[in-house]
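Got a structure for you, written out below as structure tokens; questions coming shortly.
The chains carry the letters A, B, C and D, assigned in the order they are written, with residues numbered from 1 in each.
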Amino acid sequence: MAVLSYPISGSTLKLTRVYLIILYMHTCETQRYSEKHERDPVSAIKPDHPASLRKHFSSVRRLTGTLASRLSVEDQSVQSMPDASPTKWHLAHTTWFFETFILKPFVPGYEVVDEQYDYLFNSYYNSIGEQYPRARRGMITRPGMDHILEYRHAVDDAMGDFLNASPDGLPEEISALIALGLNHEQQHQELLLTDIKHGLSVNPAFPAFEPRGSVSGWGGSELEMIGYHGGLVHVGYRGEGFCFDNELPEHKCYVYPFNLASRLVSNGEYQQFVADGGYRQPGHWLSDGWSWVQAADVSMPLYWHEIDGQLLEFTLHGLKPLKPAVPVCHVNYFEACAYASWAGKRLPTEQEWEIASRSVQLEGDFMNFDQLHPRAAKARGGLQQMFGDVWQWTQSAYNGYPGFKVAEGAVGEYNGKFMCGQQVLRGASCVTSPGHARHSYRNFFPPGAQWQFSGIRLAQDAK
Amino acid sequence: MAVLSYPISGSTLKLTRVYLIILYMHTCETQRYSEKHERDPVSAIKPDHPASLRKHFSSVRRLTGTLASRLSVEDQSVQSMPDASPTKWHLAHTTWFFETFILKPFVPGYEVVDEQYDYLFNSYYNSIGEQYPRARRGMITRPGMDHILEYRHAVDDAMGDFLNASPDGLPEEISALIALGLNHEQQHQELLLTDIKHGLSVNPAFPAFEPRGSVSGWGGSELEMIGYHGGLVHVGYRGEGFCFDNELPEHKCYVYPFNLASRLVSNGEYQQFVADGGYRQPGHWLSDGWSWVQAADVSMPLYWHEIDGQLLEFTLHGLKPLKPAVPVCHVNYFEACAYASWAGKRLPTEQEWEIASRSVQLEGDFMNFDQLHPRAAKARGGLQQMFGDVWQWTQSAYNGYPGFKVAEGAVGEYNGKFMCGQQVLRGASCVTSPGHARHSYRNFFPPGAQWQFSGIRLAQDAK
Amino acid sequence: MAVLSYPISGSTLKLTRVYLIILYMHTCETQRYSEKHERDPVSAIKPDHPASLRKHFSSVRRLTGTLASRLSVEDQSVQSMPDASPTKWHLAHTTWFFETFILKPFVPGYEVVDEQYDYLFNSYYNSIGEQYPRARRGMITRPGMDHILEYRHAVDDAMGDFLNASPDGLPEEISALIALGLNHEQQHQELLLTDIKHGLSVNPAFPAFEPRGSVSGWGGSELEMIGYHGGLVHVGYRGEGFCFDNELPEHKCYVYPFNLASRLVSNGEYQQFVADGGYRQPGHWLSDGWSWVQAADVSMPLYWHEIDGQLLEFTLHGLKPLKPAVPVCHVNYFEACAYASWAGKRLPTEQEWEIASRSVQLEGDFMNFDQLHPRAAKARGGLQQMFGDVWQWTQSAYNGYPGFKVAEGAVGEYNGKFMCGQQVLRGASCVTSPGHARHSYRNFFPPGAQWQFSGIRLAQDAK
Amino acid sequence: MAVLSYPISGSTLKLTRVYLIILYMHTCETQRYSEKHERDPVSAIKPDHPASLRKHFSSVRRLTGTLASRLSVEDQSVQSMPDASPTKWHLAHTTWFFETFILKPFVPGYEVVDEQYDYLFNSYYNSIGEQYPRARRGMITRPGMDHILEYRHAVDDAMGDFLNASPDGLPEEISALIALGLNHEQQHQELLLTDIKHGLSVNPAFPAFEPRGSVSGWGGSELEMIGYHGGLVHVGYRGEGFCFDNELPEHKCYVYPFNLASRLVSNGEYQQFVADGGYRQPGHWLSDGWSWVQAADVSMPLYWHEIDGQLLEFTLHGLKPLKPAVPVCHVNYFEACAYASWAGKRLPTEQEWEIASRSVQLEGDFMNFDQLHPRAAKARGGLQQMFGDVWQWTQSAYNGYPGFKVAEGAVGEYNGKFMCGQQVLRGASCVTSPGHARHSYRNFFPPGAQWQFSGIRLAQDAK
């Protein structure tokens, strides 16, 4: 019997009975984890169920509209940095995706809404054609919001007709593309929120995206280092639902025994790092990280503000007092590594994260207008905060899995061409759309990126 | 009898009878030119007439609103380059000017509309306080258009009350400040149009500010070089109306005999320069100009487009065929100098321009929604196109006149601190507000600026 | 019996008898490869043999001096880009290394040659103190060459005394540091050559480092894809000689069956990629790579020149006709990936490269003044050109091996802090110092780096 | 009788008898000043005297060699910023000037020393051909110093033969070009010193160009404001010696009465400005100046260093304590204007400076290895320090005089194409070559330039 990966006695004695059960699950002979959560009809998009596809299409598209509708026209137009995009552009680009990859090739006689949208709303698909410069998306004042919304309605109508015309299901190739389009739109829902958070943050009035929400800071728990055996494990997506190509193929890899922190690093812990001169000592920093700290004169995470001696944090609910039990957020890879070094630990690899994550359900506080911010850990032992608070930086550079193949055509540009100079983040955040997360999900951003809801989970080699 | 400045026989024999009369006027003993045009009650702001001030206040403020109202909220929010500002910002900044320099100091108990506006809408008055970074004005999504318009109304109401409370006139200090505020707002009316022209120009659809307008290209005339005697002349504003401090003091200077072109350089003439390799030969360019041509890979004026072999020009009425008789526009100082060198001529000094300009009335095609573009010269001899088509680059660097004093306080920052690295432009353009021009008016921009309605009038030393 | 890694029938039938013997070696039960080559007394530095250390110390230090002596004082002073350093600086920095890490801590009463050298010649050891800005090293005209050579002699003398004073060997800690210093100096010998190659390349006269050398382009062979089994293999250094900390610890990892190209990609093959529009089609490029191609307007490798219709290559022997059979060189990771995509292959992982490399001896054309350039492949089958022609880009991002620990103190800054944003290169080049290579050696550079002798070896998944 | 310009009773009563005599001279009817000093055979180059030309040729060329010979090869190779050039380049470029403008066109059969020198050592003459990028001149390690010196000797020999072949004088066109070449070389002598000063300044050891020299700080005098009448004056060169084209034509201009400071602003006075928060208050700065202060985080002049609480100044004799009576030096136009504003004064126009300067002899402490630094004012009244300490910023933008014509051909690029974006400096500095100054001399640099020996002389309108 080859045990692949399960919690062993780590640096903590607090393992609860819940864990023992999970432990048992992970020692079963299948050597594979339960896929149950991914079959949940509520959350995940199933390309092969026509009704599911229709239902998801309308709910995903509606959510994007709801997000945008909470913003003024000015808010929706702003691009506060080259990496961010205006809300307007997100609305149009996600629509363009369906028009370009479904309606144009598969609906005979379909007439595009506007020839110029190919140039304006193509993000990075060179196979489709040239694109308006990314850093200048905020310059496009026309088409205005009214035309963008008309565009959405026109494409939604055409997609509805198309989906309804095949009540027994579409060819797999097409339904997979639609599922890709919906997952793609969910990614843009999260980006819409992170981008507008940045857009609002440059306003000295610190306006709120959702003034009625709040940041709950109650709770917290001791940080335990939970042990896992590792071994020759399988990593990557296995199941029948949707996944991105970068989660494939499922493959074997060898993982040494390791410990993973039971919860995320909190604001309070990170404050100690700051207070200990963390941003003034090169010793804990990667070389590129230290260059960044010096060049940008950084002394605390993005969105932290010290005003009149008080530490505040800009959130989607406005400027709020920094709560110690809430996970630290909006740190980049450099900051995450420096903190880990200071704490005498390291970041996990993505393989470690993935095999450990299988011991918990795919549950968490996903996008919810009442609290668009990570929450304090619960006052209990065991692995928590894996999904729905912050994306967690791993020490793994983003690359293709063994056997990874870039798809033919424009869709092949979705993931593969970004496999250089980026780090993998795992989990999901408080602004990830419900139903979008997976244990095998691989998010990725350059090491300097701060504007995502990215935080820190510690790991270490098992002794 | 000291002759100051009048047309002499230049390189042309076409002097008409009209000129002979003007000639006479300029040889009169007063050595000063008629100020009649500046006393025209329709056009110029008279700080010392209470009714005039009230009337001008409401008409100038109304015109700004009219300009903005032709744009969508998105259009009004965009900042397409650091030198340009969003329409929204122009609306707010001109309002802030009256609030800051009139209402706050002179209206007892006046409560500011929003404390933060000082930071957001102060342009460059360091004496007032720090400013939101100029290049980031487009990032301010809130206050939204609705609040900006409320701000305008609140300040207009308070100003109305203030003006009405003194039916017999305000102290000179205050009325002069109000006149300054109105002239300041007129400057921003022109900037609003040049800035939105640039904002729309970066859109591949080339949308029009005013689709119903047109570009008239009929007419044209031979370019004559009209002679002027020069001598020990007076330059600078003399009169009783409003002028900016940089037009003062009126002073003596010695001007050698010169010739000035009867009209502006036309698109057709400039096209010959382009066709002759003007942008590929360093010989005609200033050193900085040639560096600019190479670094920016320039081959024609801003807003010219060669599409399918046809030359087009982007205008506030959309993309239009380039008309040969229309004055060339949106050239910078480098281009103006290079053209003049190629043409075997030079640019005038601002003194030459000013003394020659006195031979013509202060008339021209100022801002007019039917044609927001310069017009072809009229088919007649004599000096024309001095006002109302394009600003005309002079070879004079912008500096203070002899005896120029920077005013005390924040208003002293209006002009003086820009007296370095800029060139003087004279005249007025087709988007200059009616009543804003003067013979002595000194506009100024850095030599690389292209986005203003700036063109070329040639000069040469008299033989 | 667990076979780890050996050639299997790949896409070629040309496996020679030589391979079968090697194949046998690799199926032996030890599951480890022969370390014989690393025991060769001629080549590798053995910290634990006092005589070896003394001998290596003097030969390594002498070689650096020989390299520099072929250059004029001006050549030795130039820094042609921020990533390169002047020869002078290499001479001083490698000396500073011994002074700082051996003489100062371990020789009682040692007096430093110049207090300021710590600031001037410390490369990046923040634990030691601040450093003169890297990009400005070429600005330091004093100390001059005479003082730098005196510095070298003084430190060599003190090191000689120190080594001779312990004829029976130094404590392991110290001898390991000396071995590190010598390997460090060998790395700088290669950098000295790549840096001066760049320095000379910016001169329009294309001067030669060594005019008498030549570029041999005879030979060449068919490119075969040789198969390897993979499996659960060991990777990393195992042996008793010197290695860098980044080669440790030896560890297990799982490798899928793969094919590796028998030889490097040649100039002739790369020319076909160029001729096929390789630099004009985004489809084969990583996203960052395509941005680089466009921003830098790249159309061929660094040091290629098309002059009068002929393709030439700048080498350390001057400008030479490009020889088709010679390996392509000075390509960066983006170019290597794009070429591999165009060729329908991929780059190897560093694990694949390492386990395949064990089938060949640690032999090759290392630094040799007769030919400081890669050579054409030999006209035979089987794996060749693994060492001594060009470093070979792998698709592996540079990271710490499982269990990797950063050493305490300044020496800990040697490798660990660069583990972000760089790619691993394997093998060794024609300008690598003799005795410096290892099968487990991990070189690393950012993906955009071109100035190293870096080339391309293709791989693919086994079918 | 039209008085043009003479001292009137200003803010001082200390006018000495010497002044009264000069006063008389300036009230003579000729309305022109004595040109005697410019006829001095020791100092100025007379193109029309064959013997003078030969003598000057050899002495000017020799001085350049002497300057370079005091530097190591490394010193001569460094280019520490784009605006500076290596000594080596100055040596070659000044030689290229004679080869290109004299030997090639006028010596039949002359063979150029090296075809490539045209590309390497042409500074900015586009008519001659393309140039190696200015900012990269320090990258050219070959030709080495040995070849550069051979180049100088070869050209000197050829020029010697050419000059000797025409004992009765050369055609005026040629002798004028040789005089231009010699004055050009003198300009480069000064640049050589300012450039190497910058080159040495970036070395933390602050090495001296001439260790034996010293900075004399004795003396000093009260600053008086001396009055001048102004009027309709003549400005520009009048005489028979050499002058640059930008000093021509002599022309009339009207100058209002003004006062000019009797001496330069001293370090001690400038220190008060610094201590008073001069660099922290925007009120005294030009807009571009304040941007520069903030962007570059400036708090004192270039080359000032505060070390252990003591103010030091880097000089060509090394780092020296800042002496209060010595003129402040290495300030740019922004600093000069800000100081003047703080002091309640202004900078002079170049016309004011020129007409005032005629009251003093063309004498001063020109280039002298004993003190390559400005000296304290003498303890006497009257106008002093006009020549030989520091160049003095004027408020005049650099432009062509009325009637200025750019010469035909490459020589026409000497001055004219720089007439944009630069300010005129008047006088001469302590590193100006003897015999190079003139009352009408117009030096010019961009407003941000600090590395020249540039200082401040105050002026004000006469009351």
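Criterion: contacts are C-beta pairs under 8 Å (C-beta built on N, C-alpha and C of every residue); 3 or more make two chains touch, one makes a residue touch a chain.
Note that the structure is predicted; figures quoted are calculated from it, not measured.
Undergrad: Comparing centres built from CA atoms, which chain ends up most distant from chain B?
TA: Farthest chain from chain B, going by C-alpha centroids: C.
Undergrad: Averaged over CA atoms, how far is the centre of chain B from the centre of chain D? Could you give it in whole Å?
TA: Whole-Å distance between the two chain centres: 37.
Undergrad: When the C-alpha atoms of chain A and chain B are each averaged to a single point, how far apart are the two points in Å?
TA: 51
Undergrad: For chain B and chain C, let me know how many angstrom lie between their CA-based centres, rounded off.
TA: Once rounded, the distance between the two centres reads 62 Å.
Undergrad: Would you give the residues of chain A that are in contact with at least 2 other chains, written as numbers and ranges?
TA: none
Undergrad: Using the contact rule from the top, write out all pairs of chains that touch.
TA: So the chains that touch one another pair up as A-B, A-C, B-D, C-D.
Undergrad: Okay, in this complex, where on chain D does chain B touch?
TA: Checking each residue of chain D against chain B gives 124, 126-127, 232, 251-256, 282-283, 285-290, 333-334, 337, 395-397, 399-400, 402-403, 417-421, 423, 447, 461.
Undergrad: With touch defined as at the start, can you tell me which chain C residues reach chain D in the complex?
TA: Residues 72-75, 77-78, 80, 88, 116, 119-120, 132, 136, 138-142, 144-145, 199-200, 202-205, 207 of chain C touch chain D in their complex.
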